[in-house]
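In what follows, subunit A forms one complex with subunit B and a second complex with subunit C.
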Partner chain A sequence: MSFLTIVFALLFYAATAILVIGIGYRISTYAKAPAPLKIPTTPAPTTKPGVVLRLFREVVFFESLFKGSKWTWLFSMLFHAGLALVLLRHVRYFQHDVWLPIQLIQPFGIYAGFALALGLIGLFMRRILVDRVRYISAPSDYLMLILLFLIGLSGLAMKFVVHTDVIAVKDFFLGLMTFSWSPLPADFLLIVHLLLVAILMIIFPFSKLLHAPGIFFSPSRNQVDDSREKRHIAPWAKQLEE
Partner chain B sequence: MAKADFEVPELKKHIEVPRVEEGTMAHLSPYVAKPDHQNGVGYPEELVENWHEKTLQAMDDVRKKYRSFQVYLDACVKCGSCTDKCHYFLGTGDPKNMPVGRQDLLRKVYRRYFTLPGKYFPKLVGAEDLTRETLDDWYSYYHQCSQCRRCSVFCPYGIDTAEISMAAREILDRVGYGQKYCNEIIAKVHKIGNNLGLPGPALLDTLEGLEEDVFDETGVEVKFPLDQEGADILLVTPSADFFAEPHVDGLMGYGKVFHEAGVSWTLSTTASEAANFGMFIGSYENMRRISLRVRQAAKELGVKRIVFGECGHAWRVAYSFLNTLAGPFDFLDPKYPVPQHICEFTYDLIRKGKLNLDKSANDEMVLTFHDSCNVARASRMGDQPGGQFTIPREVIKASCNHYVDMHHDTIHEKTFCCGGGGGLLTDDLMEIRVKGAKPRMTALQNVIQENGVTHMAAICAICKSQFSKMLPFYGMEMDQIVSVHQLVSNAIILTGQKTDEDAEENATEEA
Partner chain C sequence: MLGSIGLKRLIGLAVAGLMAALAATAHAGSEWVTEGSRAEGLDSCVIDDTEKMRRNHMDYLVHQRDDVVRRGGRGSQYKLAECVNCHTAEDAAGHAIPIDDEGQFCASCHNYMAVNVNCFQCHRKVPEEE
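Our next item is the complex of A and B:
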């Protein structure tokens, strides 16, 4: 077993643990903090299924962002939709027998890689060119886009420029999952790609990437507009009544 | 034109997004609360010595009590969608008046002390130390937010700057750095029963005056009862309705509508205020205490229903929070929602054909409607989402012949705040009020020029007061703002009301 394989195996175990435990911890923080008042941004749905639909439109179509900024919406959509397809395409590295839907999207996943990169370039340019967005950007905001872009670029390069041994990569990840490690090919692009992915996984729970779980806990989006019909009261507020 | 010691923005054809210009509003802060104001709301009299520690403690406490605060601080990706949506940014170009810019004042400190990257790599993630200057910056810019929620409509995560600014004011209050305007008023409500400090006898006097006015005008004895036990309905209305123009014309309208509905109703001395400034300072305890007056008055008077008059944030607290803060209202008639808005009440009568409305009485006006921010984005009327937009408009249209809406990007959920909401309706904040009114004034001027609009109706006491002051700054007349129930009052023909000819005869006799 090469030194490289051991390092990356341990790195991915650690990254996965940090990602899962980190997000789990954040979610539990959100879940534990009560929402003492009804604050949906109205007009809001008056039923639970209505709220599910609102969140669905928000998560899948970025409804509010569409209202706010058409350019940002377009680039975000390209990036996120691209990323979603690319991630699904990568599921084949974690399955012995690849599911049919995953097999079917393989060709589209390649184009999605370009959409992802294009979306990121758009978002980056917007951050530099629009004075308002430039003002609110911290170094980490640019670095996050660069990190994602490099992940995409190294991935695309492996597909179109210097092929890597994808069968061996698949064996490596299946090996990680079954704790029977297989060697990782020592290809430069692959190493860069995987290293950046591991970094992304590790910083996820500590960064603005928390917007992903956050949206589901946003009271202005996830509350039912039924304050006159149902009394809503938080435990700490209930104590004031005693 | 009204005088100003600052530059009043010039209205253009379109609402333009200004270039970012740092610090243009840094000089503006409201008067700080005096020790007795702070006492009245239960906060330290002046900035506490260990403010650094206490500020962080308060921040930690608020994030554990309010999910919104915690999630909103974490979730922002700095996409910029909100940056050109705040009326105060559009009017000033100050980047700290962009919603995200405003949030970041707190977020930077949150990141520094409550997140790992902020603790170890502050520069990288834009985290900053909490200093004495930070508090001043918060005090200045969190009092340049009217908590109108327009930003939350456009945020992909629904981040509501109103929640952040309420939290910021709560934190500042807890370290003894409160705002005079809000805290003085809240203390008055606790002590006397309304924001203006009008005692019972003054109210009674005003209401008797209204009865006389309505009788002189119509020849019908319309009562404006106070503290009448056993009445069906308790009306809770903003205290400005008792004397300010055009508010009081609205109150006359409510009285006439109740009279025609044939219901008994009453106002209450102890709950003679619909407004709840406890919300503006983000204080659950104060907001609850103010709300409990309404519950207590309803119980003492033995009413069956509660109806709220025209007031924006009051309706938010009433519609969205009253059940939480002062419920359950199981002692009231379950056939009616608790509480009801006066527009819901009037609209219901209109639908049933119970009001005789002569639209031509408002023929000298061409009307438009200003959706008040807290009604539009933080409440509802009727049983359908969006009823808060349709019901007031239906009431207006039933009362007049000429109605035009303003540009669609400036009404309904995208409505612009009047510029004076959220505890900013004070002279020491005049500059930001004028500049923040610019987007609404632009939209209004357009319908005036293109559609011949003469008047704008509103259902909020703050909007009405603010526009009365703002219109002259922008070259319009202060009486171009009217109450919705003022239009109803003009149009309604009471049962047994004397006609115009009768009135003329009377006038001749008197002469």
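Our next item is the complex of A and C:
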């Protein structure tokens, strides 16, 4: 077992633990955060199914972003939809027998890689070229885009420039999951790709990327606009009433 | 709260578990060859180094088309027909089984990785009749 394999095996165990526990902790704090006021952004749905539909449109189509900025929406959509397909394409590394939908998605996942990179370039240009966005951009805003872009670039390079041994990579990850380790090929692009992904997993619970679980807990999006029918009272305020 | 002794024990267990995982690691090796194929009786690939072929066959086989069709080149060392001749098995009746059938030479790895093989829409998938 090579030193490289041991380092990466431990790295991915640690990164997975930090990602899962970190996001779990964040979600628990989001879920426990008080929402004392009724503040859905109007016009808002007046029923619960309506809220579910609104959140669905928000998460899948980025509705409010579309209303706010068409350019940002375009690049954002390119990036997120690309990322979703690329992630689905990567599921083949974690299943011994690959599901049929994952098999069918493979060719689309390749094009999605380009959409992802294009979207990231657009979002990066936005931070540089739009004055008011540049003014409020912090280093982490740029670094996240650069990190994701380098992950995409190294992945695309492995597809189109220098192949890696995908069978060995799959054996490595299945080995991690079944605790029977298998060697990782020492290919430069693969090492860079996996190292950056591990970094992404580790900083995810401490970064702006938490908007992924966070959007579901946004009071201005997830509340029912029924303040005229029902008095809204936070649990802690109820105690004071009695 | 975990006491310091409990924490040490936990770390000790984790390390022991990792060591056990390391010890249990026996790499099966990608020694795949189709049972009953001519290749089974050989030590290595006759075209090139076996490991090299496993990793790079896609680069060797693809993109010969322009060379063959436009420049009349037949000089490549790597010929799909040779792969097919050597790596197909026969069924009970003595007929060759297509090389991209489930569980056969191409399909075994390509299905594992969900990689589509589109060679055989044009190329033959059984050895040439002798």
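A few remarks follow.
FYI, the second predicted complex is superposed on the first by the 241 of 242 C-alpha atoms of A that agree within 3 Å, B and C clash if a C-alpha of one lies under 4 Å from a C-alpha of the other, contacts with A are read in each partner's own complex, and residues count from 1 in each chain.
Note that a residue touches a chain if its C-beta (ideal position, glycine included) is under 8 Å from a C-beta of that chain, and two chains touch if they have at least 3 such contacts.
These numbers come from a predicted model, not from an experiment.
The superposed arrangement places subunit B and subunit C next to each other on subunit A without a clash.
When the two structures are aligned on the shared chain, A:K159 is found in touch with neither subunit B nor subunit C. In the superposed model, A:Q103 lies in contact with subunit C only, and not with subunit B. By the document's definition of touching, neither partner reaches A:H80: not subunit B, not subunit C. Of the two partner chains placed by the overlay, neither subunit B nor subunit C lies in contact with A:R57. Once the two structures are superposed, subunit B and subunit C can be ranked by residues of subunit A touched, with B on top. Of the two partner chains placed around the shared chain by superposition, subunit B is the only one that A:L210 touches, whereas subunit C remains out of contact.
Using the contact criterion defined above for the overlaid structures, shared-chain residue A:V130 touches subunit B, although it does not reach subunit C.
By the touch criterion stated above, A:T42 is placed in contact with subunit B alone, subunit C being left untouched.
By the touch criterion stated above, A:L240 is placed in contact with subunit B alone, subunit C being left untouched. After superposing the two complexes on their shared chain, the closest approach between C-alpha atoms of subunit B and subunit C is 22 Å.
Looking at subunit A, you'll find no residue that touches subunit B in one structure and subunit C in the other.
Residues 17, 19-20, 22, 63-72, 74-85, 95, 98, 100-101, 104, 115-117, 123-126, 149, 152-160, 163, 284-285, 288, 319-321, 323-324, 327-328, 337-339, 376-380, 383-386, 388-389, 413-414 of subunit B are the ones touching subunit A in the complex. Against subunit C, in their complex, subunit A makes its touches with residues 1, 6, 10, 92, 96, 98, 102-103, 106-107, 163, 165-168, 170-171, 175, 179-183. Touching subunit B in their complex are the following residues of subunit A: 26, 29-30, 32-39, 41-46, 58, 62, 64-65, 67-69, 72, 76, 126-127, 130-133, 135-141, 143, 203, 206-208, 210-211, 214-215, 217-221, 225, 227-234, 236-237, 240. Note for the complex: subunit C touches subunit A at residues 17-18, 21-22, 24-27, 30, 54-56, 58-59, 109, 111-116.
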